[in-house]
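In the part that follows, the structures are each spelled out as structure tokens.
Shared between the two complexes below is chain A, which pairs with chain B and chain C, respectively.
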Partner chain A sequence: MRGLLLLPFLTFLGIFFYLPFTLLVYYSFTDREGRFTFENYIEIFRNPSYLDTVAYSLLVSLLVIALTLVAALPAAVYVAVFANSWERAVLLVAFITPFWIDFLIRAWAMKNILYFFDIREGFLAMILGLVYDFLPYMFLPIYLALSRAPENMISAARVLGAGWWTVISQVLLPYALPGIFAGAVLVGLLSFAEFVIPSLLGGTSGFTVGALVYTLILKGDQWGVGSALSVLVTLLTLAAVILLGRQIKGGGA
Partner chain B sequence: MRGVSLVVRRGRITVVLGPSGCGKTTLLKIIAGLVEPDEGKVLFDGKDYTRVPPEKRGIGMVFQDLALFPHMSVYDNVAFGLRVRGVKEEEVRSRVREALELVGLDPTMYASRKIEELSGGEQQRVALARSLVIEPNVLLLDEPMAHLDYKIKQRLLGEIRRLQRLLGITTVYVTHDQAEAMSIADEVVVMSNGVVLQHGPQREVYERPLSLDVASFFGEANLLEAKFAGIEGEGLVAIRPEDIEINPEEELDVVYEGVVEDLVFQGPLIRVDVRVNGNQLKVLVGRREFYKLGVGVGSKVRLGWKISDVKGAKAAR
Partner chain C sequence: MRGLLRAYTFVLMALLYLPVAFMIVNSFNEDPFMEGFRGPSLRWFELALRDVQAAVGYFNSFTVALASGLLSVSLAFLAAYAVGNRRVTLFDALAYPPIVIPEIAEAVALFMMFHTVGAEMGWLTVMIGHTAFNVAFAYVTLRATGVRFENLENAARTLGAGGLRTFKDVVLPLAFPGVVVAIAITFLLSFTNFIKTLFTTGPGFYTLPLLIWNRAKRPGVEEFTYPNALNALFVPLVLISLSIAIAYTVYVMSKRKE
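Now for the complex of A and B:
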């Protein structure tokens, strides 16, 4: 009877995700005539253009991870460690509010702003768009990790003889590491699978895994290979989420 | 804080006692260099340290939240201050071991433990070892016992005192708890609202408080209205609960009659609350003595004390 508590939620997810996904798995293991086959998966690893796209998407993800980290880490340190309580409240609201606006609207706005600076669709515009969109996913985990630190941790390090550089490299960064890791996995996953920003801002550079699946299934009528690619990406995501869960449990000080 | 001038004696434990928010933690942070004073100076051995950053002061400090590094082992926590000084790893090893032994932690058992696995008392010891291992000139303790049980607190206070005697290290201990101050202090500094009310040897501050605030903050005090000989008007004086005698046999300077309102059993001492002319006076009596007196709630008693035991009234002394 208690299982009924789950019913509304599971019904919703079931109809809109798990049933279609099961279908996707089915398509990935069948050929055009509906016969069982591994051919779709083999095709992905045989044809270098698929793996090239995956590698390109990975590269884009890594770049976005690096850039969001550069922007988010110092900000998180400031808000969690140095800001007084009202500064912290103001900054958190200021950081999070923009992301309540629907991201499609923000992406369109960004396109126009980039035009103003004479930056057209392409690699740079796409990267900027992805960084802008995923900043909070890097900021929040690092901020949360740092805000759990003992209040006087930095003072203690300083009194013990550590200059600022040592405080940052020996105390703050190692302490923030679980948060940095969580942020990197989140941002990596999101930008790897992102479809809208690359197609809107990427121009010819926007051919990432998301765009590839879209093309295969909706334009190229290659349901089998498209499904197989989707399943692989989903498995990768699942693995990352499990890894993330472990890291947060194990490293969450 | 204003007009605070404090000379801490070398090799002694000075306890700064005051209610929360009186500026005692700020005072400690100024000594450590974590807070820059708006004006005034910090001197060590006569040398001006006011502009010296905290990492160059050679101070040991235990914080209220202990501020241990949660992501490091016990060993790495204690080794931190040595490593940032560039001490060779071999020497680090032996000094960390010594420091852990000094605070009563077996190095083989504790070195690799995580901070979160330790009890409050053990964490306290690690924090102490971490601040002592660098052989500081001054040891600062900011309410380090705030979160500990009574028994553990008593034991650690005893050990801090033993270590302080052993190392002869100049120590400033900040607390709002007068029981802690009683059990550890050589010297007591009573602070309130950012000013020092009195500074002196522990017993002197207790026996001869300069004001009623000091009398009631360091120890208990009954406040009484009194007329002063030779001075116009009335004022308040203080008398300590243990200086009042119930049904005194000898002749005393001051004697009142009253009725026992309540008895509070405190173990070795019994607190007898007596109503006298509309005032309630608290009297502390030793357990054995109390049984001899044979009084109970409602008993009529005489209270008496010596005029020389009255505090905070200069005219009467």
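Now for the complex of A and C:
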């Protein structure tokens, strides 16, 4: 009886999630005539224009990781350590809410403010858009990591004579580190594959991996390389999630 | 130190909502472009009321989202009910990937499958595409808000209620708020979805985000594609998004605390 109730859910996911991904993997190992090949993967690393796009996206991701970290860390520290319970609830809701708003809406909203300050489509606009959109993904893991620290830990350290620098480096940072790592992985992966913000705000600087996949599949009819890139992004993500899952379990939640 | 961090945190929070504020202000901007404010006007909302394409887009987004919300929550409810309060690691491991895998990879995979089987791309393929993500999301939400109440169910059984009666009079009323919240959030994610829709639609079928995207690519070509005309189309989407998102976050957070 119980198994029967699981069946509709599993069937739907099987047909419309796991089957498409199987097909994606199949196309990534197939040439235009349907023969088995590694060419699509080799092509990503051989063709300079693909390789440049991947390298450029990596660079963009690293920059976005650094900027979101700098922006989110002080706020996460405040909410997790200093805020009273009422403030904490309000701030958490405020920082989580943008999670649920689609990227197209947020990217367009961002364009309004960028244009007001005369920042046109380009590298700067794209980076600002990405930082704005991925901030919650950095904030939340750091907040969760810090909220595991025992209460009054900072006052204890202060009473025992620790200066602010000691408190930050010896008390806060060790607790925040797993969260920073998780946030960096999340933000890096998301910016790497992101497509809406680069194409809406990036202008000529907006040709990232996400835009490349879009062009290969919907404009260029290049299923082979397009699916190979999608498979790589998927594998990277799964590896990161499994790694983070292990780490969180190891951290003794 | 504390005061400084506090000030920073509230400024950052305000910054998160500033772009949306600019968008709303600009939707009342007499000027067609976003560079400066020329004076208050309702012209873009009046234009939106005459905008037949936008009405079609809203209608399509709405029907797709409603169907996807109801379908995904129905499937997820049955699964969450069967799983109950047990930890089912393997089943959860199957249910989570749609949530974590980048949307563009999911979209490409669906695009290829629909093309391979020669499916007619349109309302149904878009709805299915949204649901493939939503069903996993609804499952996680229902697991968090709870659909099994073993003690109360056992009490009802002991007092002589049959299986159906227990389900109807105990499980459903208790699970109802969580179900409504799950339908609301999956509705929202589908209603405003862009990437999945872009890859799973076919000629002639479009949702509101798709229409706005196409217009944003040719700003100012006609009155409907002026940036501030697009802002006016976005404003209802933003207000719906914000209200559902806040309600969802508050509800799930309060459940987690219990």
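Assume the second predicted complex is superposed on the first by the 233 of 253 C-alpha atoms of A that agree within 3 Å, B and C clash if a C-alpha of one lies under 4 Å from a C-alpha of the other, contacts with A are read in each partner's own complex, and residues count from 1 in each chain.
Here, a residue touches a chain if its C-beta (ideal position, glycine included) is under 8 Å from a C-beta of that chain, and two chains touch if they have at least 3 such contacts.
As the structure is a computational prediction, the values presented were derived from the model and not from experiment.
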item: Clash or fit, chain B versus chain C on superposed chain A; value: fit
item: Contacts of A:Val159 with chain B and chain C, given as first, second, both or neither; value: first
item: Which of chain B and chain C A:Ile113 touches, first, second, both or neither; value: second
item: Partner chain(s) touched by A:Pro48 [first = chain B, second = chain C, both, neither]; value: neither
item: Superposition-derived angle with apex at the Cα centre of chain A and sides reaching chain B and chain C, degrees in steps of 10; value: 90
item: Greater residue coverage of chain A in the superposed arrangement, chain B or chain C; value: C
item: Touched partner set for A:Ala71, first chain B, second chain C, both or neither; value: second
item: Partner chain(s) touched by A:Gly34 [first = chain B, second = chain C, both, neither]; value: neither
item: Which of chain B and chain C A:Pro174 touches, first, second, both or neither; value: first
item: Contacts of A:Ala149 with chain B and chain C, given as first, second, both or neither; value: first
item: Partner chain(s) touched by A:Gly210 [first = chain B, second = chain C, both, neither]; value: second
item: Smallest separation in angstrom, by C-alpha atoms, between chain B and chain C in the superposition; value: 13
item: Doubly contacted residues of chain A, that is, touched by chain B and again by chain C; value: none
item: Contact set on chain A toward chain B in their complex; value: 149-153, 155-163, 166, 170-171, 174-175, 177, 253
item: Chain A - residues contacting chain C, complex; value: 2-6, 8-10, 12-13, 16-17, 19-21, 23-24, 27, 71, 74-75, 77-79, 82-83, 89, 91-106, 108-113, 115-116, 118, 132, 135, 164, 189-190, 193, 195-196, 200, 210, 213-214, 217-218, 223, 226-227, 230-231, 233-234, 237-238, 241
item: Chain B residues within the chain A interface of the complex; value: 29, 32-34, 53-61, 63-72, 80-81, 84-85, 116, 130-131, 134
item: Complex contacts: residues of chain C adjacent to chain A; value: 1-2, 5-6, 8-9, 12-13, 16-20, 22-23, 26, 33-36, 74-76, 78-79, 81-83, 91, 94-95, 97-98, 100-102, 104-106, 108-113, 116, 128-129, 131-132, 135-136, 139, 185, 188-189, 192-195, 198-199, 209, 212-213, 216, 227, 230-231, 234, 237-238, 241-242, 244-246, 248-250, 253
